[in-house]
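What follows is chain A paired twice: with chain B in the first complex and chain C in the second.
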Partner chain A sequence: MFQRLSRTFLGALPVALALSVGAAPVAHAEPKAGGTLTTFTSGYRTLNPAVQSGASTGSPGSQIFAGLVTVGQDYKIQPYLAKDWEVSADQLTVTFNLVSGAKFHDGAPITGEDVKFSLETVKANHPFGAAMFGNVGEIDVPSPETVVIHLNQPVPGLLLSMQPLLMPILPKHVYGDGQDIKTHPRNMENVVGSGPFKVEENNPAERLVLVKNEDFFIEGRPYLDKIVYPMVKDPLTRVLMLEKGEIDFAPFSGIRPTDVARIERAEGVNLTTDGYDAIGYVHYFEMNLRNEPFSNREVREALAHAIDTGFLSKVIFGGKAVPGTGPLHTGNPFYSADVPMYEPDMDKAAAMLDAAGYPVKDGVRFSFVLDVPSWAPQAHVPMAEYIQAQLEKLNIKVELRKAPDFGTWVQRISSWDYEATMNGSFNYPDPTIGVHRHFDCDNIKNVIWANTEGYCNPEVDKLLDAAAVEVDFDKRKALYAELQKTIQQDLVFIYMPQDFSATVYSDAVGNMPDTPFGALAPMYDTYLDK
Partner chain B sequence: MTLVEPSRARTAPPPPKAVSPGRQVWQMFRRNHSAMAGLFILLAIILISLVGPSLYTVNPREMVWMPLTPPGQSEYVLGTDYLGRDLLAGLINGGRVTITIGVFAAVLTVLIGVTVGAMAGFFGGRVDNLLMRVTEFFQVLPNLLFAMVVVMLFGPTLVNISVAIGIVSWTSTARLTRAEFLRIREMDYVKAERSIGAGNARLIWKVILPNAAPPLIVVAALSIGSAILFEAGLSFLGLSDPNAMSWGRMIGDNRPYILDSSWGVTFPGLAIFLTVLAISLVGDGLNDAINPKLRQRQ
Partner chain C sequence: MIKGTLGKTANTVILLIAVLVLNFAMIHVAPGDPVEALVGEMGGATTEQIAELRAQFGLDQPLYVQIGKYLWNVAQGDLGYSYYYDQPVTSLILDRIGPTLLLVTTALFSAIVIGTVLGVFSAQRRNSLLSHLVTVLSLAGFSAPVFWIGIMLILLLSVAIPILPISGMTSSEVPEGTFWYILDVAHHLVLPALTLGLIYLAFYSRLSRASMIEVLQTDYVRTARAKGLPRRMVIYKHALRNAVLPVVTFAGLQFGQVISGAVLVETVFAWPGLGTLAFDSILRRDTTTLLGILFFSALMVVVMNILTDIVYRRIDPRIKTA
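After this line comes the complex of A and B, so read on.
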């Protein structure tokens, strides 16, 4: 108690001093080499991003493995392992020239054969492999430093997928031994990467330690000597550790919007929501469209009028979460705001339900079970409880069913054995990866985050097919604008406020990874000044 | 001569007034001030839980005000929780659920405990051996973990939570019942009953059990309190019925916000504290009143 009081008091002093001299964000002079950056992990099953999507693997994975390119501000593609590349006029051949002298962590040279092997491995094993590289045909390696990729059809998002998160460069001499790469022992033990940091200690229950790769192919990088990922599962613990300076850098911090004021008060700690555009984390209320009452569009529209996402954003998430307006995240380059909107109106909702054949009978219109997954409780629990309270006013009885673990929920949703669920997914920068999967008729599969709701509209399929191969950015954007309009017209999902993704970091962190891929991009430019 | 008889009868001292055992217990209980205080608190809480929701009609699930409003700053006197729900409405409505879980779990505890203990104590030998090994098996399981597994497997509904609590907490009741049965079955009045042909069922339920009842009543009363605490513990870990407002759930929901808004957990915590305290006081009072040895001492 006394400790806490004195800490608060002492903490106030430097703040007052800083204010008196006109506090500005700490300006770092020159990047400086050395130092240990402490971040955190909430647990991972593998360090190989070629077989596992998501931030838990991707965050260290993008440090361990290099990619052909990186994605800079405004989605500008920048050279990485590929020093340059050339796209043929018909958009069907892409030639990459690799930097000379690049080596894996075990000293073996990185060659075109490794790039070819990696691309084929990702195509066959990554959850988005087919979406990203389904149109990749022959891959030629005319010289050790040249890779030529032949495409069956133009792939507009190809280069965006070539950064390390989605296309890590794997050592063929390690993974090409015929074992199933999804369960390959070297995904966790004695990992040989190609990126700026090497694995020094890997104990997923406790901590992961990465050390500087002295032989990294970019001269003078990385700046950091070490990155340490202690296992911290509880978001509240994370906030306390940040305040005490035990963590320097917390991407995907999982903090609640209500923690923001607290973080901003803390000395030496900053918060940013930059660095998540390419991830595009959206949340939505998913209904099983196969069965009554949700097969009825009128019912879905009534619910859309009843659920006030503006209220959720403003009040429940403290104005920090942007309401979603459709399948694309507002930070996506193809986002369009020109979609049908359903203004909050309870009377209208009630009238629509009456008209749709769901009058109040014995005090209830209808009832349904709303599944609440366990993987984003800070977002999904408030949303579900709001929906329950809001629909109760319309005499719709909502029974919440909280999934005890990830597997139980996946089982229910992917076997289509559900009525409605809270859900969320990543857009990724190219909609072919994270958006098409939810709406394509061919993707009505027993796979989680596929088209589990059972939506099929031939018009939408035509749009998706056209957008997937359209190489002209403006034409493509127009196609996606049409798609967003149609999806909102059909009310496939009811979009909730987008995820409040925030990075919390200390003053000492220089060159914060704030590009569209944020902390899932390689951090060889990041340094510490403390 | 015969005429004298009635007059003698009239002058004889009246036989001591028979006081029913229930009344005797009540008289003892009434003299115990702390027990009476507990009883009043308990009755007040039950009364509020029963009639409160119809007097204070704010819906505990509705988001009525800005989230995390401190007490006394709005028309919602105890403030609001992290979703802007009225804490007072939550407390009033939550009492019903919390007490129901407590009572239901306690009934289950006593039912399983007394049955197992009675069988083991009465029959002895192999039956005793078997039942006591089963009891020990349940005793060595970590209670909280086992209950968590049960709730996770079958889903967090009120019934499942009560059953889980009942399943993990019957062992001490069983042991106590067995001890009482072992002692009482050797008593002369039991042997007498058996000698005139009473069957096992009659001996167990009609002869021994009523005589073993006093300590069991106390244990039953106290186990309501521990069941309420147990439910709060499960809820704290996030294992509460999302469709019912209970005090434990209120604590679990607001726990992440404890650093900035302590009232969200303080009020339901106080409610649980008061209820369990009242139940303990009543239980202790009952123990003093029922136990003949303690009664003589006073």
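After this line comes the complex of A and C, so read on.
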């Protein structure tokens, strides 16, 4: 039944792909119960994923809190706290039936009221709350184990957003006390969750320790007794700890492509780039389209011909980073490769600049300042330096302005006070969350990762509006294919190689979380074979 | 005497207020504000959410109101509330000061003792092999970047010869409050303390060497020698007492600056102290926490100066209350 529902509602995925199910065990026979898995954290301000996006909160958060569903291989929606669900013919009512006997970590039963409370909380407080659940209207709880969600318009990505990372099930009796949930003391102290692991020790300066929830609603799970997240900030220290076996499992390891060979040489240590498709981390060269010369599409096209992302991928990132071709990550279910591409051609670029009214004058065509943010230097610094060197050949002077910290960069970009910047963002599996925000005319706002470049195309807005409510997967995919084409045609951004995100793990880790959400999915199937 | 103390206290208070105002102003000159940094870390937000957060933190008020409120709160012993950690700054600092004091005192005291001994020895035989060795080592220690020394020591003592843990202050398996816990912390302390200590050691051995050479050339030492006092007596009873004064001065000064010294070492070894807290607060624009730490550091400097004064008087009876 789930298969049928997910076809009509989420949209049918290619049948051949949908055949592989769940996390496939690699080279291990029987899962073993017990053991302590050591991973790491680089710091978090809250353990409550309802008020904070991203991996630092999300990877422990998805262990502490359960969701209604999980997302398996190839984006297959699987039951979790919801044992099944039904979608009405008009796509405007979704009924979830919860598993019986599920309890929060403090022993209180998980009921439909908690689900309703969680959904309303996420809608109002999560950074993507409005994007994900803006069309959620009334929520009914006819019985403690049934939740009926009424939608104002069809929400094709609804089920994808119902996994714990984006829609954690919160205890209403803890968070429903009227305090502001964003600064609720229970986000960090005495956290009561609904997921496979409970918080044992939470000392963000040193470590987070999660222990097995003995009363978890899935029989015989989780396998692990404990997950320990020591605080390790320094990336080099992290690599040494991995090599020495002090860390078993390091998602979002921050390993540079050039470190890969070293990690692979180390005894008993493996590396995978699986588990990052849902996050869909893309990098791009963003130009402020309000001002000359970047308001001129011809100029942008000339730049696209000058910047050889294939070279960047192959040479600078050692062939480990996939070149981006548009706003969607290659691992996104709606990705399309059928887009205009601009072949590397310096002569053509020079001719286009001449024609666009930017001939070489006193040795220079024009100059601009390229901002380089501080948060992904392993990706953005080499990209910016390459762009600077390439454009120098065209007599364009690029001054790199490396931001000393996050706040400085955010201020410049969100106040539109910049010429060009290296940038990057997460797609999230449904484009309404992480993609629409960059191109929607209504989202031209002084907010970081909104439409800061100032792009407005009514045709694109029409596509976005249609895709947001289209429930037929193939029709929706066609709409997004058109979007990707248009964005590349208009050259809103110049797409860089995608992020090289890698998980490093030891031989002992069985059932590696390698679904699209990777380590941000619940790890009740993961075990240790030491 | 009382008048002097009063004057000093007044000076101290004025100094601390000046530090507060200056820090506040400097932090606000930097582009970007805490809410923008916070929202960036949250992964974005709506314009309404941003405005709401600004109002909640009082950032929508004019700067002079903010600074006035802040001074008033500090006067009442309240260092404010951290936007990032959702905790009072005072409790944040108190949580973190223990590990930093442990690290810095261990490093500083071992460095002072060993450094002074090395310096005194090499001062006596200025052209011996030992003396040259101390000079070369201390020059190297003094000029090498601290994080580099840290990583090299990790490679040597945790990876090549795996006897010490790479990072952190405790292991998760050891329960707090037991004897094993103390051993576990000591085990984790070795590498960061060694790293930080090497820098200090270089400094103190050079300082005490130079000071000892100078003292050994003074008339009273020559007189003591002429009287036929044993060598040991001359060195330790007569010369060292004077030679150690600059060491005390600098130890006092440096102890006041514990946090600045510990920032890099704490970051490399993930030591849960004030240094990492300061570092994170800067990157996250957690201005109240940062202001709190800076104020706390200023307080430390003042207290240490007073303590140094007292120690001075004990070592050198000639120094009277000024």
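Before moving on, here are some points about what is shown:
As a convention for this text, the second predicted complex is superposed on the first by the 504 of 530 C-alpha atoms of A that agree within 3 Å, B and C clash if a C-alpha of one lies under 4 Å from a C-alpha of the other, contacts with A are read in each partner's own complex, and residues count from 1 in each chain.
In this section, contacts are C-beta pairs under 8 Å (C-beta built on N, C-alpha and C of every residue); 3 or more make two chains touch, one makes a residue touch a chain.
Given the structure is predicted, the values throughout are model-derived calculations rather than measurements.
Aligning the shared chain A places chain B and chain C next to each other free of steric conflict.
Using the contact criterion defined above for the overlaid structures, shared-chain residue A:185 touches chain C, although it does not reach chain B.
In the superposed model, A:412 lies in contact with chain C only, and not with chain B. Comparing chain C and chain B on the residues of chain A they touch gives the larger count to C. Look at A:400: by the touch rule set out above, it reaches chain B but stays clear of chain C. In the superposition on chain A, no contact is made by A:441 with either chain B or chain C.
In the superposed pair of complexes, A:508 makes contact with neither chain B nor chain C. In the overlay built on the shared chain, the residue A:236 is in contact with chain B and with chain C. In the superposition on chain A, A:469 contacts neither chain B nor chain C. Using the contact criterion defined above for the overlaid structures, shared-chain residue A:389 touches chain B, although it does not reach chain C.
Here chain B and chain C sit at a least CA-CA distance of 5 Å once the structures share a frame through chain A. In the superposition on chain A, the residues of chain A contacting both chain B and chain C are 236, 405. Listing the residues of chain B that touch chain A in their complex gives 59, 61-63, 66-68, 82-84, 152-153, 155-156, 238, 242-243, 256-257, 259-260. Put simply, chain C touches chain A in their complex at residues 30-34, 36-37, 39-47, 49-50, 53, 56, 84-86, 95-96, 151, 154-155, 158-159, 162, 165-170, 172, 267-270, 272, 276-277, 280, 282-285.
Those residues of chain A that touch chain B in the complex are listed here as 235-236, 239, 256, 258, 261-262, 311, 315-316, 318, 372, 377-378, 382, 384-386, 388-389, 392-393, 399-402, 404-405.
Per the touch definition, chain A reaches chain C in the complex via residues 36, 43, 45-46, 51-54, 127-128, 130, 182-183, 185, 187-188, 201, 203-207, 209, 228, 230-234, 236-237, 240-241, 243-244, 246, 374, 405-412, 414, 426, 437, 445-450.
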